[in-house]
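Next, two complexes with subunit A in common: one pairs it with subunit B, the other with subunit C.
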Partner chain A sequence: MADVLRFRRVYGGEYEEIPARVDDAEFPAGELLTARTVWLEDGTPSGLELIQHRPVHGDRRQQGYLRLDNEILAGRRLHQAASWSGYPAEVVRLYGDESTSADPFALFELDHGDPLREVGEYLLNDAFDQFLVGLLTGLCWLAGAGIAHRAISPDTVLWDSDTGKVRIADFSRSAPFGSARTPVAGSWAWVPREARPETCYGLVGPTDDMWAAARLIYFVRSRGKDLEDKGKLGELGLSQMFNGLLEKIFGPPEDRPTARDLVEHGLRRHHILPSLQDDGDKRLIQGRTSFLKTRARVHPDAPLPPDFWDDVIWARDRRGAGGPQGGAG
Partner chain B sequence: MNAIDQITYRARAGADGIVIIQTDTTIRDHQRAARWQRRLEPWLRAGRCPGCAYLDFGQEAAFIRFLATTGKRPGWESVVVLAGQSAELTGTYALELAEPGEPGTGYGDIRILREGKRPGLRRGNLETRARSVDASAALIAALAHGLQGARRVIMPGPNPGLAEAVTWGFITIRRMLGDIRPVSFLTSASGNIPDTDVPGILMSFRADVLTALPPDQGFIALAADLAGRFADDPGGLRQILDDYGLPAAPDNSGRIRQLLTLPPRSQPGNASRKGTATVTTSFGGPAGRVESAAPATPTVMCPICLGDIADWSALEYWRWDATVGEGDYVRIDIPSDLNPTQRARFTHGAYVRCPASTDMTTVAHYLPARYGRFGDPVLLGFVGLTQSGKTHLLASMIGEINGLSGYGMNVTELDRATHHAFLEKSVKPLIAGNKVLPGTPDDASTTLTDAFIVRQANGLERVVALFDVSGGDLARRDSTKEFLWIADGLFFVIDPDHINASKVGDDTFSNVLDIVSHRPKEESAAAAIVLNKADKARFEEPIARWLRAGNGTLDPTEFLRESADVYAYLEEHQAMELTKPYQACRKATLHVASPTGSAQEGVEKASKYPRGVTPMRVLRPLVAMLAMTGVLTGPQANQIGV
Partner chain C sequence: MSVVILSLSGLPAAGAEQAAAALLDIDSGGPDRLERLLVLDDTALLGEHLDVYEQIDTAHRVEKLLCVTVGPRPGDGWRLELPGNLGGVQGSPVLWVSRPAGIDWKMTKELVANRHPGFTPTTVDRHPLIGLLSVEEMFDRVHQTFLSGVPGRVASPGLWLAEEDDEAATFAGALTVAIRRVCDRGPGLDGPFAELMPDRAGRARLTESGPLARYLSRVGEQDRAARQVLEKITGFGGLLRRGDSEVRGYLAKGSEALTDLRDLVDQVLRDADVAGGVGDLTSNQQSLIRNAGLEFGAEVTLNPAAGSAVYVAEQSAIYRTIAGAVHGGDPIPPVGERLIATEREVGRKGSAAYRQEIEACCPSSLLAALTSASQKPPRRAGHAETRHELGLDSAMAAAKALADLIVGVANREWSPAAITSGELVRAKAALDGTSRALGGFASEAAGGRGGTRAARRARLGESLVPVLRDLVLRVVAAELASPSASGPEALRMAKDRTAAMLTEWTALVQAEGVTARPSFASGDDRDAAHGIEDDVASIRDALLYPVRDEMWQLCSPTDLRALEVDTPTLSIRFASRLTQETLRSLPGDEPVWTSSGSFAGVLRLVPLRAGIAVSTWGKAEPESPSTVLER
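Moving on, here comes the complex of A and B:
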């Protein structure tokens, strides 16, 4: 079906109207979004093939809007974080979005690969190692972009057996660091306690995804089993592989290691983690510092609450003073 | 399936706080049991032992009995819940049941529960205590609030047993009156009381509340009469209410009208004089003059003309009469021989006319009669450019005003007619109809948009009055809106699109700050700078973070962080002129808010919000303002804005 899509490319600029062929067939994209294939007319014979996500229709459309906003925010943040070194292969790539109308959408480049739910049990030896590095690299990128995925599971992490690459998909439940945690529905096997509806608390941070990530590592290592007891990590050699750090992931989020910790201090590898800008925190700190100078002038006797910086410094410290930088592998 | 099911939960301390676990249930359907747990969990966390709760969800109801505790949160170790159809598991019946572990008709005997309407074992004790002198004051207060139409009533609750008796009496009398609206209650509450899915009235007793918010005097008189008759003779009360047609009254207003026709309790033989009213045709002076023994109220400044009103209680009463011409205020002539109940009926919803109105040069203006009864009202105004979203922010704030209960505040409207008019004109079209509201006309006179009586836990009640003024008016230097000269707090409202406009220095802000700096009021106004319509910038930092921060808490650090981040955002956009109120006002905060959650479709004023309206963070500026103006007090509140 011929159509004209009005959207803004993710790297900025104005809205563009581009002719496209749109597939009538829709398929689910997460819980509250639907997807369909579109071919943008870019001069090539078949066009540029993309996936368009849109909110579902009906009673839950309102929630669908929020989910789509999450995808767009994550996609834009990742682009900002990756602007120096190219977009990471380990996370799906937002191509463009239309975020203002009654029928908003996000355009993603094609996801290659199959959900780990289907193929995880076949990742052995080198493939398992590639999976480990790919997953943790993807999570480092997310941390660098200041985003928590909040729905890591065998259904949202894909494996491309042709290239041996992990790809983290479905950012519809993601949230920026520092925002209040909202409850995540779903199987308790993949939702950490701090995000479950009845025990949800605190602020989103860089270790929010680690709980599910550790379980995913076990899931693949055990060829498709859910982790029932962290003691099982030792049985499969994961405890030793990560130098005892993996067990710490099952504590409260404040005490968990980050993805970078797992690579550096767990796997103890010379890592090739992507270079990230990490200027979000810097801007936040600079801005707050400027405000505090004004405050000191207006209210010279007002003390600074001792926990004022906790929501920034904690996250920053955990990522290292310069953010995830350098290279690992 | 049992008509009334039983569920047992236990509280266990986990690494991340208290975990509530279902230990037993007669419900065999796991999904249904899980649904009950999700539904009840916030209530379980709000209750304490000893105590109970009854939650009428409409079709279904649940009764929770909180059992033994060792002092750990959430104030109990286990609970027993009865769940069933609300028509079968009524509040009074649940209270009448023997407690778990007591002999007799109790929780272990589902069969008897299913027999339905038989009085429970504790009924006699409850009735005796509900009619006792001990229960009288609380019962009168509860009934008065109920008659006044309150939806959420917080009562002092040092004694859970007494609270149960008061609640039992309250429901029993309401049912005698023919009021079948749902009643839910917690007899021993702590922490945040959910205000979500129970229709009708929710009454909660809290040990940390010393006195209840007083209802209108007139309703107290009506309630005292009812409670007195109930204490004397419940059967007699039922009879006279039946005789006077109370159960057949169409609504609450009808019930109150009928109650006012009851003969005085002290007059023997009146019970059978059906239809006789004591209102005479002779007229007397206004209430204040009759009740000369009452102490004079302090001087109140009229927010319309800035005139001093020396003796509020001496003012004449007026009412709005839509049938006079195109509608006008008419004086209420109050018969001199009315009893307090009848007088309350006459003055309910009344207005007073500012004495300056008698001056020929001043247009007559009126204020709700209760406006000056609670000391100096707190006046809050909205300041910003045309189309900065002031009206939408105000409408969504009022739409969510009950959310202030989450911060420990009890809020009731000051004047029902004004509140209702604003709901119908602005809140409902916006929230339910997703409609774009018209802006305030430039030539509109400053009027009280809405006002509330706000009380924090056991603190004093204060009147909080909200004013909306057209942006165009405020931008003109020659226009000096009177309320700015006495406003206690100002919301400086910013549209993100205006930040990037060529003229960042907002004349509106400058003009208002100019007035504020020249006024003789002892303390300058507090300011809340609101980056409104923040959904427009929802993918930018730090807007994304704060829009997703939920309702938050009263933690002053959280307010300071948000202030710092919004300040930094304005600084980054070279919009420092918009931060001036922070430097000019004695206390100030900065916020992000989105009254609608998304943008309107097109630019036509008659357009809609195609995504629906989902206000985000709209209460935070109001909470900050209430803290900065002293309505909300305490160590945390005092630190907000500095």
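Moving on, here comes the complex of A and C:
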């Protein structure tokens, strides 16, 4: 696995500069990272086309470094979490990175699919079911890797209509569980209260992405409308579909159901979830230790998050107790 | 092929040769053949550029050549010395512009001229004459006129111009206006399309001989029989008690029929259920529904051999509904929103979900009351009151409610004619994809409409709206005829189809003018020509301008003596093809109808007096002015 994460040489020939998919209301796309299409040399299938993200030069370069760090750390954590069962199809895959040089970059697979902003309102009923399962499965993977995406929105979640797959992209604002929440700029429609600049508080946790995810589910179900009132969930049958759990997402993060809760106790389809138990727990701990070492080197001032094993126990206890109170129906 | 311009103006011999080589050298990527070459040169440099003209001549790749030479004759000479392949009997035509700013001159023997007002471009390639000659149709006509009618093939050009718009830019601008009309959010009706709702589109009904209709009918029969008896009873003031048992018998039979109806409705709702409304009925379920006495009317009887899939799609309820709204003037956004509002109403949930409504339609308590042994007609009550007391009215209402329920469920859940969520979403995607592609075209066109008049764009745009609506509906029909696998694919396909149709339309306009009807247009109303009728007055005046009257002659006053005024005047009228339909009946020679450029007016070609222009490959012998006869 480790070789996947090491620096890979890139053909120095022709490449195409394109704006990176880094959506931020504060900065125009491409302000912080640039991207270009590249082809790997060895160890990968012939002709594999990847996207290379690099920090831009100029005033924004420092912020670009931070964004790139987030992407690399999230990608590495996902690789570690997924090592025993294959890389999750629901998240854009990190193929390699160069994180320590003066000109760092990350290599991602090309975005397959279109942002839900463009195509979300056209998903047919069977595709909606695939979307639902894909999104929640992807979020389960993120939780299993101990990171929160923190920018879930119709712009960062893609839908590949050819394969019926969801793909979560742009990890540039992701953060590991247990780190202090930093403010996320952007539309209030997609940033929960605890992450908005004016009201930011607390530590990143496994329910941070659920607020935006629930709104995204409504966005697709309602064919492109933003959720104005959680009472609307019932009108579209989402309350019933999730056994009343979806409404609980709009409370404080501590009381929110996790993605796994929504699948197991809402949709009652636990068989689709990635297995993160047993041996996986040990690997998670090992991976987390490795990650924290790397993180301490890159960000020496970052606060130490709580033990990830606590999260696993916490999640397991909740499952043992039958999920969130009153939600399992 | 368009007109290629070779500018030698201001270039020394070496630079001119380099410019010509870049154009004519095959090895360095030059074209195999130049159909139209317009050479711009300085009169004073023609001698220096002899090698270039020789090179052009020997290359044998230029089909038609026009030369515009700018500036007075060099020195004080009277002769206009030209390279050997220009002018004369066999050379290429030359337009001599001795003074680009020109003069206003009436073509008479009296050599009186006025200063020409207005702006004159600083470089020759921006001169209106060059712009005019760069139009293919104009180049060809000028070339032909020189060869057939200009003695010595050298002339001084004169212009009479009217303001006019570029055809391509006008069309693009007008299409943008039409796109705004069709695609921008505007007033439109709200709510779902009633004609697509299940009760209208499903076409379910009870078969006359089926069990459901039979039970319903039997309830009615017993009701009628009971009524007749009750009329007798109440008619005699309640004195005939013999009728009581008879009424009870009818009530019991009616109750029995109502129970059968209720049970059958319940059974069909239960057994023909498709979980969650997702999926198709099995053949057994279809048989069950059919055997219970439900059938679905065909929407339109079509001969399969009568038309294409698109034709069939155009007969569908959903297409006709969308077409009605679009042709009725609704912009695309509200039509799309109504499709989604309709989609929310047509959602299927499985027939079993309706079983709970059975009790509301036909309460168990009603059945119990109808069969109760204590039921007997009340004494001294009116007919209506008696019916109510006995539950006859309720029984009839319950039977009808059950029939309505099963027909309603059939329309929504089982009807093959019902509009599905998928059809509505794909149609919405087709509309949105079309709208996005049209919006992209409008955004691109917005940057290039300078120089065209807003009023003309608006009028022409209005006339293009019906054709644009045809385009939108053709995309929708194509999607309905060949449904995409997913909504996003429908969106993508609509974008592609729209782009292809816009390309076809634009190419057709390029070839035939703005009134050309693309293949997707219905009807044959060529409103575009009428839309610009009131714009052409100034153009008509320009085209009818007397060619010997005062014009902008591109020469200096001193050169007037070199012009031949006694020969018949040669002139070429020209105007944009936009105005062709309207101006076709103008008297005189057929104007040149230009497909591009913003020109309308008359080009006058005044030949030079004999002996002024001399074509030679060598250095011409100096000649005294006195040896050239000037009158």
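A few points about this structure:
Assume the second predicted complex is superposed on the first by the 240 of 329 C-alpha atoms of A that agree within 3 Å, B and C clash if a C-alpha of one lies under 4 Å from a C-alpha of the other, contacts with A are read in each partner's own complex, and residues count from 1 in each chain.
Keep in mind that, in the parts below, a contact is a pair of C-beta atoms (placed from the backbone, for glycine too) under 8 Å apart; a residue touches a chain by one contact, two chains touch by 3 or more.
Only a predicted model underlies this, so the values are computations on that prediction, with no experimental measurement involved.
Of the two partner chains, subunit B is the only one touched by A:62; subunit C is not.
Shared-chain residue A:76: touches subunit B; no touch with subunit C.
Contact with subunit B, but none with subunit C, is seen for A:178 once the two complexes are overlaid on the shared chain. Once the two complexes are laid over each other on the shared chain, residue contacts for A:126 go to subunit C alone; subunit B is not touched.
When the two complexes are overlaid on their common chain A, residue A:288 makes contact with subunit B while staying clear of subunit C. In the superposed pair of complexes, A:114 makes contact with subunit C only, with no contact to subunit B.
Of the two partner chains placed by the overlay, neither subunit B nor subunit C lies in contact with A:186.
Of the two partners subunit B and subunit C, more subunit A residues are in touch with B. Of all the residues in subunit B, the ones that touch subunit A in their complex are 14-17, 19-20, 38, 41, 538-539, 541-542, 544-546, 548-550, 552, 556-557, 560-561, 563-565, 567-569, 571-572, 579, 582-583, 598-599, 601, 610-612, 614, 639, 642.
Put simply, subunit A touches subunit C in their complex at residues 114, 118-119, 121-127, 159, 161, 164, 223. Residues 62, 65, 69, 72-73, 76, 99-102, 146, 175-180, 182, 193-194, 197-199, 201, 251-252, 280, 283-284, 286-288, 290-292, 294-295, 297-299, 302, 305, 307-308, 311 of subunit A are the ones that touch subunit B when the two sit in their complex. Those residues of subunit C that touch subunit A in the shared complex are 278, 340, 343, 421-422, 425-426, 428-429, 432, 485-491.
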